[in-house]
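The chains carry the letters A, B and C, assigned in the order they are written, with residues numbered from 1 in each.
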Amino acid sequence: MVENRPFRDFMAYLTLVVGVIVVAFPVYLAIMASTFDAATIINGNMPLIPGDQAAENYSRTLFYGGKAAREPVMGMMINSMIMAMGIALGKILISILSAYAVVYFKFPFRKTAFWVIFITLMLPVEVRIYPTYKIVADLGLLDTYTGLVLPLIASATGTLLFRQFFMTIPDELLEASKIDGAGAFRFFKDTLLPLSMTTIAALFVIQFIYGWNQYLWPLLITTKSSMQTIVIGIKKMITTTDALTEWQIAMTTAVLAMVPPVLVVIFMQRLFVKGLVETEK
Amino acid sequence: MAGVTLDTVRKIYAGNVEAVKGVSLDVEDGSFCVLVGPSGCGKSTLLRMIAGLETISGGDIRIGDRVVNQVEPADRDIAMVFQNYALYPHMSVYDNMAYGLRNRKTPKDEIEKRVKEAARILAIEPFLDRKPRALSGGQRQRVAMGRAIVRKPQVFLFDEPLSNLDAKLRVQMRVEIKRLQKALGVTSIYVTHDQVEAMTLSDKLVVMSGGQIEQVGSPAEVYRRPETRFVATFIGSPPMNILPGKVEGPGRVSVGGQTIAVTDMREGLAPGSAIEVGLRPEDVQAGGAAGSSSLGMDVDFVEELGATQLFHGKVAGTDFVVQASTGQIPAETRKLTLSIDPANVHLFDPQTTKRLGRF
Amino acid sequence: MEKRAHFSGWTLPLLLILPQMAITVIFFYWPASQAIWQSFLREDAFGLASEFVGFENYIDLFKQPEYYRAMITTAIFSTLVAFFSLSVALLLATQADKSLRGGHAFKTLLIWPYAVAPAIAGVLWIFMFHPTLGTLARPIRAVGIDWNPMLNGNHAMILLVLSATWKHISYNFLFFLAGLQAIPKSVIEAGAIDGAGPLRRFWTIIFPLLSPTTFFLLVVTVVYVFFETFGIIDAVTGGGPAGQTTTLVYKVYADGRLGGDLGGSAAQSVILMVIVIALTAIQFRYVERKVQY
């Protein structure tokens, strides 16, 4: 429209810039805190420009333990990475297979199977924590990666996403494949899988973030500090009686905990947006 | 090569919807057969049954001497060109054509030979490494044809392959398909709703409606002697005019009190009974001529088509269209006298809609 | 919606669907049914025996003032977070939708907090508003307010609302922006020709057209506050001070873990399940597009 008034554009920019500053400020502060020593932070007058303790803080946080028998954060990051990858890849694998079955085959109880999966949308882990905990404990999976990953990989999200995508693939493609002599396995491998790559990547991005950020579940089932994830680890750093909190280490850990998922969002933004919009729609 | 034979083939969908009601048809080896009809007439379903993409509810389908009712599409030795081409979007043009051969364990050098040969015939050699989305509609169409050709099948099946192309390209591809089919000599069955496409392509024209065959014949036969009112109005453009009339006597009918002579008229029709009189817009002449019957027409408006003009108006209160070469009739004419050649009058039974001609 | 073409046979599809089915049954249906069963049982003091007590766990629950307090806390928390995260996100989205130069960069700069774990978000905000060392707590205390979220329940709630809102703006922003971009330009142009100014166009054309998105986001935000903010609460307040920020979900966790009252915790879980199912049913209008079986 022609009502291009500089003032309105200016206000729009101003709003957005303020928004970005508000959104970024807590993280900026954390990054600053990760560059000072404990004393500077504790006295309550931390400067807003970087200090000179960054190398010391990051190396100490990542590779050495500390007071209160803290584990090196590197180990926690590895645990988080294994959990996030396990959840993301596991979910993709089981959901693409089940979606393939539901969309491309007719078999007894197909609709029942679909509904059994679909209803799980309504049962977040929070409403069934203790019974699930008990099952995992009975299976001897406490303090294992399997126990961290397995209960979180089944959910309707992935199956619905793949089902929705498969529905957009023209029927003629399957018919052409049949005429070209491809069976169920070949069609999946040669046609469906290559075409699903974008959807797979989008789901991966969303599920990686979901897995990395898990809190309640690892909190319950990990008791050994060697199995802690970084999100759990940082919380423990803060609550070991306030006076002992090593804030510079805690904030360094917070920064480290944000790096992988935030990088994923920024560098795979297109896939992230696609995944987010399509899994929730 | 092989012909295709259908013997009272039926398709009944869940809920007792009968999409194909017992169709029998012989498609001779090497011929080009076109199934034409409005959407929902069962032509595509019939084609898909021949391909093995739909199960058949009754009857037999033979390709050559083999009954293929229960044979998987891959084993029927057919190739199909789809309306939306159904090219594999993630494969190159080369791979699209080679895929079916690879699945059949054709030797590599043989695959290469056949794909190159097909690409040469279809003039798509420069695009072999491209993905389908980098091609124009016409080029995709050629790739879809190429995928069919490389297989060297017994039968080509075409499911409205040109309807996604623009008008100009459609005419061009139509000619190429015809030329290609003649050169390869492969039995072809082609489905379309476009009667011009059907007329120009076919050796054997099959007009379908409501899950049944209305008429089978050469395009010329179907045009000259339509067996039902449906065929009469479906084939030919602009469509045949149908006027309500009355039987006057042997070889004579009347429309709105004006009597016209008819050559092809069944004997023994009771005088005074109702009858439908069909006249093609291009078969009537303006101006009275000696020895022919005539009808009066009130002209409403004229449609200019360039070489010809269409005069729209009414004959005895019914809509009527006359086609004439431009300039033959002055455009401002409001009343026309039409002379009717008795050989060009088609008669139909108002109840059964069947042709009331001599046997 | 059904595919026209299928593969035949049923052993293969059953094998394909088996892993998901197995995990779903073991980790979803079994625990959920256990929760329902346990909610009717009461364990003795040593956890050795349990007896069937019918609805007693539920009746006890509704006799507890703490349970009502958790409900009220949850309601206040949800309302505030929903209001702020939706309105701020809508404001930012409308500005970003104005096809400004660099609009895309703003999008990137606004969406990344989605990737921050709730617990981490909580930690960032405690650090900012820590009563003794928080960079932003000092100015508040300087104007004479005795700011202390560790001791003051209202301050603790404010901090929770801020952290939870901060984390959720990005999500709502993204969906509002997508919703705005899906409104055909011609409709807005027609509004302009009909003489509506920019503000009037927003309230009479854009906002009504956006209402399905708004409604959807409202439900999602409420679900988010109910469940995903667990990490924020645990990191920031641990439900305190004195239980003043204990939400329904946090209470399930606290009663089961700290109190060891599994029957009561299970009864709370079942009530939560009913709430989630109700919320999902409301959302169904939007989900049913992809569920047409």
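Everything that follows uses one rule, which is that contacts are C-beta pairs under 8 Å (C-beta built on N, C-alpha and C of every residue); 3 or more make two chains touch, one makes a residue touch a chain.
Computed from a predicted model, the values in this text were never measured in an experiment.
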{"item": "Length of the shortest touching-chain route, chain A through to chain B", "value": "1"}
{"item": "Farthest chain relative to chain C (centres taken as mean CA coordinates)", "value": "B"}
{"item": "Interchain centroid distance [CA atoms averaged], chain A/chain B, Å", "value": "58"}
{"item": "Chain A-chain C separation of Cα centroids, rounded to whole Å", "value": "16"}
{"item": "Chain centre separation in whole Å, for chain C relative to chain B (CA means)", "value": "60"}
{"item": "Multi-partner residues of chain B (each touching 2 or more other chains)", "value": "53"}
{"item": "Chain C residues counted as touching two or more neighbouring chains", "value": "5"}
{"item": "Shared interface positions of chain A, touching two or more other chains", "value": "175, 178"}
{"item": "Contacting residues of chain A [partner chain B, same complex]", "value": "170, 172-173, 175-176, 178-182, 186, 190-191, 194-195"}
{"item": "Touching residues (chain side chain A, partner chain C) in the complex", "value": "1, 3, 8-9, 11-13, 15-16, 19-20, 22-27, 29-30, 33, 41-44, 46, 48, 93-95, 97-98, 100-108, 110-111, 113-118, 120-124, 126-132, 134-135, 150-151, 153-154, 159-160, 163-164, 166-167, 171, 174-175, 178, 183-184, 187, 209, 212-213, 215-216, 219-220, 231-232, 234-235, 238-239, 242, 247, 250-251, 254, 257-258, 261-262, 264-266, 269, 272-273, 276-277, 280-281"}
{"item": "Residue ranges of chain B in contact with chain A within the complex", "value": "51-53, 72-74, 78-80, 82-90, 99-100, 103-104, 147"}
{"item": "Chain A partner contacts - residues on chain C that touch it in the complex", "value": "1, 3-10, 12-14, 16-17, 19-21, 23-32, 34-35, 38, 88, 91-92, 95-96, 98, 100, 106-121, 123-128, 132-135, 138, 150, 166, 169-171, 174-175, 178, 188-189, 192, 198, 220, 223, 227, 230-231, 234-235, 238, 249, 252-253, 256-257, 262, 265-266, 269, 272-273, 276-277, 280, 286-287, 289-291, 293"}
